[in-house]
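In the two assemblies presented below, chain A is common to both, partnered first by chain B and then by chain C.
And now, the complex of A and B:
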């Protein structure tokens, strides 16, 4: 067990180092310069000013020493200083990460549940009109580009029907009080969560449907049926538990895709998360910010991966016992 | 409203003003909130004395003041300085400050704040402070309400560089003996401006409240001013349609004007375009260090292959105006006679004479053009250029890169042949020097990327900056423009116009203007 955990940690560290190194090299060789982008936005700066900034961010050093300095700082838990925002990268994350996580987690939890319900419905009524309708919707949701779907939602629910706000996470003039704030944020999260979660719901629905149909044809289900166990009990106790395994896997895998989707969703809805930071960072060649963002994304993915394994273990006694077929 | 004698008089008095749309302040009411949609990145701090970033300037122009501000025509008018006096030799500028001005924390403002801001912040730390204020020899403060600038040499642009973009006045009592760049007041600003920062919800919005102690009586009119960050253009338009914002100063791109007029005008929005200060000139810039383009005849031929009216009407949808010279409209008498009209035959003659006759397949040579994806209009313009140059036997290869890479290739590494750019040289024609003098070659963003070097032009720029007689100055810049347009290191294509959108219930908004002015004159009318 300890060996497994240490191996896992070691590979995680190796992966993170790879992410840092690769992104460092790629950004270095991308044309464009962070200081030029910074001062160029509004018509340039004096050469002294540019030289001072260059020295301040260590950009006057050779690439190897820049890399060494960065790694050194990283090992001390320092993510560096954003050139574009002139703020420690960690401070930017602290400001923005909660909003992204709120959006992601809401989206994943709510739409996993919806996806599962739709999947169970489809599987147990395979071939029915309802199943066909769900499958068509699911193909649609699966293939809609996030940013386009987000615009459609805004056009319909915000501009036409005035049901939800167009942008942001908070109202500009909200009455004080915790309950009012919570309600306000919940009201704002609905459309971005739908835009982001639709794809995940479609994926979940398809996996649950396929996997459940397969499980329902297994011998042990037939045996349970023959023993007279109720349909509901078979579904809940025997079939779902097994059918859920691939769903957990797919949720873990789709986390990475959703993180990308969150970037687009956040930009469209003006959601104050990491999304806009990524775009600003890349356009501004803000190396510390980009590497920091990639690092945190990699870290989140690793954590989610580990969580997926733990949940697998809870669901599947074979894995918990460390035995494999 | 019942018609009382007073109301009737007010109505009568405001009639002439109401014709001066769209910026009139007719029937103004006190109070109300204005929500402004920002499409820039969120400002990281609110200290305009150490940056030129647009978002910072836009918000902080409402929090801070400067000695002067611009009027609608770009002329300096009083702000913290109620009047000023320039000595006949142009070496001494005496400013009389408005008395009894208070900082937002209640401390008194004085001439010491002005001296401190120039000496300790603007000169060492503002990105162009060293260039703008190099002429300052000494700043004296004979009393709390007087500041005297003594210059080393006459410096004509001086008076137009004292507004909030270039010369914000910071509170000495907050910034003295601190690391200015790290001072917490950069994000909790204490200014003398019409509004105070009340709340900053990071990544979402900045809420400003009326400064009840503002030094201009009766201003500002609004209670609150909110800047919301909406990065996506479509979302910005949706926010306008849903009336969730009132004004989009940077949110409207020129190609949306017609669509917005159709969609928003019926909902009580005013959409239009206007000339503005500091606007850019969309230009084809030419690397004069390139073996082919080093020949002046080739560059002149290129200028004759370009059809500026087609660019303006098809790509720019008519927004803007044709540019014949690199100095913008706000410099009077700078028009040049050296104008290149489309003339394929003449262009071909010049190319033949330059030693590039048509070869096999009618081709003369190939060129590449750097096209930044940061500007919607550049790619369609480059496609038109490819057609026009192709007719003269020149192949054009489009190299699309993002804005950072384009700036780098055109202005820093100068690794390009042709490029499209949108440089802006204002508010004084002297600023144009950084794009055209020999000592500015390859000095970074928007400097002399063309590698243009003409000793006469260098000399004229040096004269222009020291000449204080306006007529003589215009003469000098006229000569500069003529020389530059004869050498053609750059082909000016169109002057940008500013597209604005605001709800018609607001009056007195900053005009197309710099849109980096304070909103002290804005009021709601319903």
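And now, the complex of A and C:
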């Protein structure tokens, strides 16, 4: 057990180091650099001033020593200083990561549940009208581009029906009290969560359907029926736990796509998360910011991967046993 | 008919139909037999002849939606099981009629502990608490010969060998003291050394619990000690049915005769000998020959065999055969006797 965990941690550190190194190299060889984009936006400057700025950010050093300095800072927990925002990268993250996590987690949890319900419905009524309707909706949700779907939602529910806010995460004026602000945020998160989660719901529904239909044909389901267990108990107690195993895997994989989707969703909805930072960071060639963002996504992916394994272990005793050995 | 001679289970003209890609097929066709309380009958025949389908039909577990009972009746204590609702069948399954399956390796749920799965069988039909059910499960595990049952109850199916899993399946089947146990080739998937142990266990439990039993097998070797009456199935039909000693010593249907000849001699008399194969194979269900279904595998067939289904004739007390040749023999015998 301890050996497995340390192995995991070691590989996680290796992965993070790889992400840093690779992005360092890629950004270095990409055309343009942070100072010229900064200076360009501010109407130009003298070559001496540009050179001074370069020296100030250590950009005049050879790439190897820049890399060494960055790694040294990183090891001390310092993500560096964003050239574009003129703020420590960590401060930017602290301010914006919670909004992104709120959107991501809400979307994944809520639409995993909806996807499972739809999947169970369509698996237990395979071939029915309801199953066909769900299939069509799923294919639709699967193939809609996020940004287009997001704008559609805004046009319909915000602009036309005035049911939800158009923009942002908070109203300008909220009555005081924790409960009021929670309600306000919840009201704001609905549309972005739908825009982001529809795809995930479609994926979940398809996987639950396939997996459950397969499980319902297993010999042990017949055994449960031979015991006289009711259909409902067979579904909940015997079939779902087995059927969820591949679904958990696919949720872990779909998280990566959701991360990308979150960027687009945040930009369309003006959601104050990391999404906007990614765009600005890339446009501004803001190296510390870009590497920091990549590190965060890598870290989130590693956490989700570990979580997937933990849930698998909880669901399946065969995996649990394998981990002890 | 007096109460103690009325059969506990009577299957009459049972027909099972399936929607297959090739069209509607009947893996079980006009099968009839009856089972007395506390007695055991054997159902034998080659692979694919419809033994499992017959058993599943009795349990009401034919794979849905493609399979169904298309004719005949299954009378349990005089009441037709085919007319029972899903709910009523749930109360009978695992409670009055239980089944042990052919595939012990896949018949247990991999994510539930073995104790839970046995306890569930108890709790579905009896009003007992969780603790009581677990205790009963442990007792059942001891009954079927699983060592250290209290510890083992917490283990999962993958921690058990095939033989042990089949013991667990037997424990599940016995949980509610059923009147009838259907054992569908309970040893086919097991090692030869384990097979005898499981058969002995079943025989012992049958005695102890006074259960009626349907033992499905394609191994005629085990029948002599295990059953009182045998039904031989071929391509969905019962071709011969007789008390076990009659069937083993005086088989009338050519198919039964071949089956018996196919048992290695060593099994019956101690001398080893070559296994005799039955030439030909079972016809596919969607392309059954007209007339007698076995006839294409027989050399000396006549026009009558090809033209018409042989009827079921009684050739001795409780001994029925469906074969034109056997019937005409019988008729000839009857003729000389009178």
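What we mean here is this: the second predicted complex is superposed on the first by the 318 of 325 C-alpha atoms of A that agree within 3 Å, B and C clash if a C-alpha of one lies under 4 Å from a C-alpha of the other, contacts with A are read in each partner's own complex, and residues count from 1 in each chain.
Basically, a contact is a pair of C-beta atoms (placed from the backbone, for glycine too) under 8 Å apart; a residue touches a chain by one contact, two chains touch by 3 or more.
Since this is a predicted model, take the numbers as computed values, not measurements.
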Check your understanding: Thinking of the overlay built on chain A, is A:313 touched by chain B (first), by chain C (second), by both, or by neither?
Key -> neither
Practice item. Could you say whether A:84 touches chain B, chain C, both of them, or neither, answering first, second, both or neither? Key: first
**Study point:** Touching partner for A:273 - first (chain B), second (chain C), both, neither
**Key:** first
Practice item. Figure out whether A:238 sits in contact with chain B (first) or chain C (second), or with both, or with neither. Key: second
Check your understanding: Of chain B and chain C, which one touches more of chain A's residues?
Key -> B
Exercise for review: May I ask you to decide whether A:46 touches chain B, chain C, both, or neither, giving the answer as first, second, both or neither?
Suggested key: first
Point to revise | Which of chain B and chain C A:219 touches, first, second, both or neither | key: second
Review point. Which chain A residues lie in the overlap of the chain B contact set and the chain C contact set?
Key: none
Practice item. State the interface residues of chain A toward chain C in the complex, per the touch definition above. Key: 218-220, 222-231, 237-238, 241-242, 315-318, 321
Review point. Mind pulling up the chain B residues that touch chain A in the complex?
Key: 33, 35, 41-42, 44-45, 52-54, 57, 127-131, 181, 201-205, 207, 226, 228-232, 234-235, 238-239, 241-242, 244, 374, 401-405, 407-409, 411-412, 423-424, 434, 443-447
Point to revise | Of chain C, residues touching chain A in the complex | key: 59, 61, 86, 90-95, 98-99, 101, 103, 106-113, 120-121, 124-125, 156, 158-159, 169, 172-173, 175
Review point. Which bits of chain A are touching chain B when the two form their complex?
Key: 30-37, 39-50, 84-87, 95-96, 99, 151, 154-155, 158-159, 162, 165-170, 172-173, 267-270, 272-273, 276, 279-280, 283-285
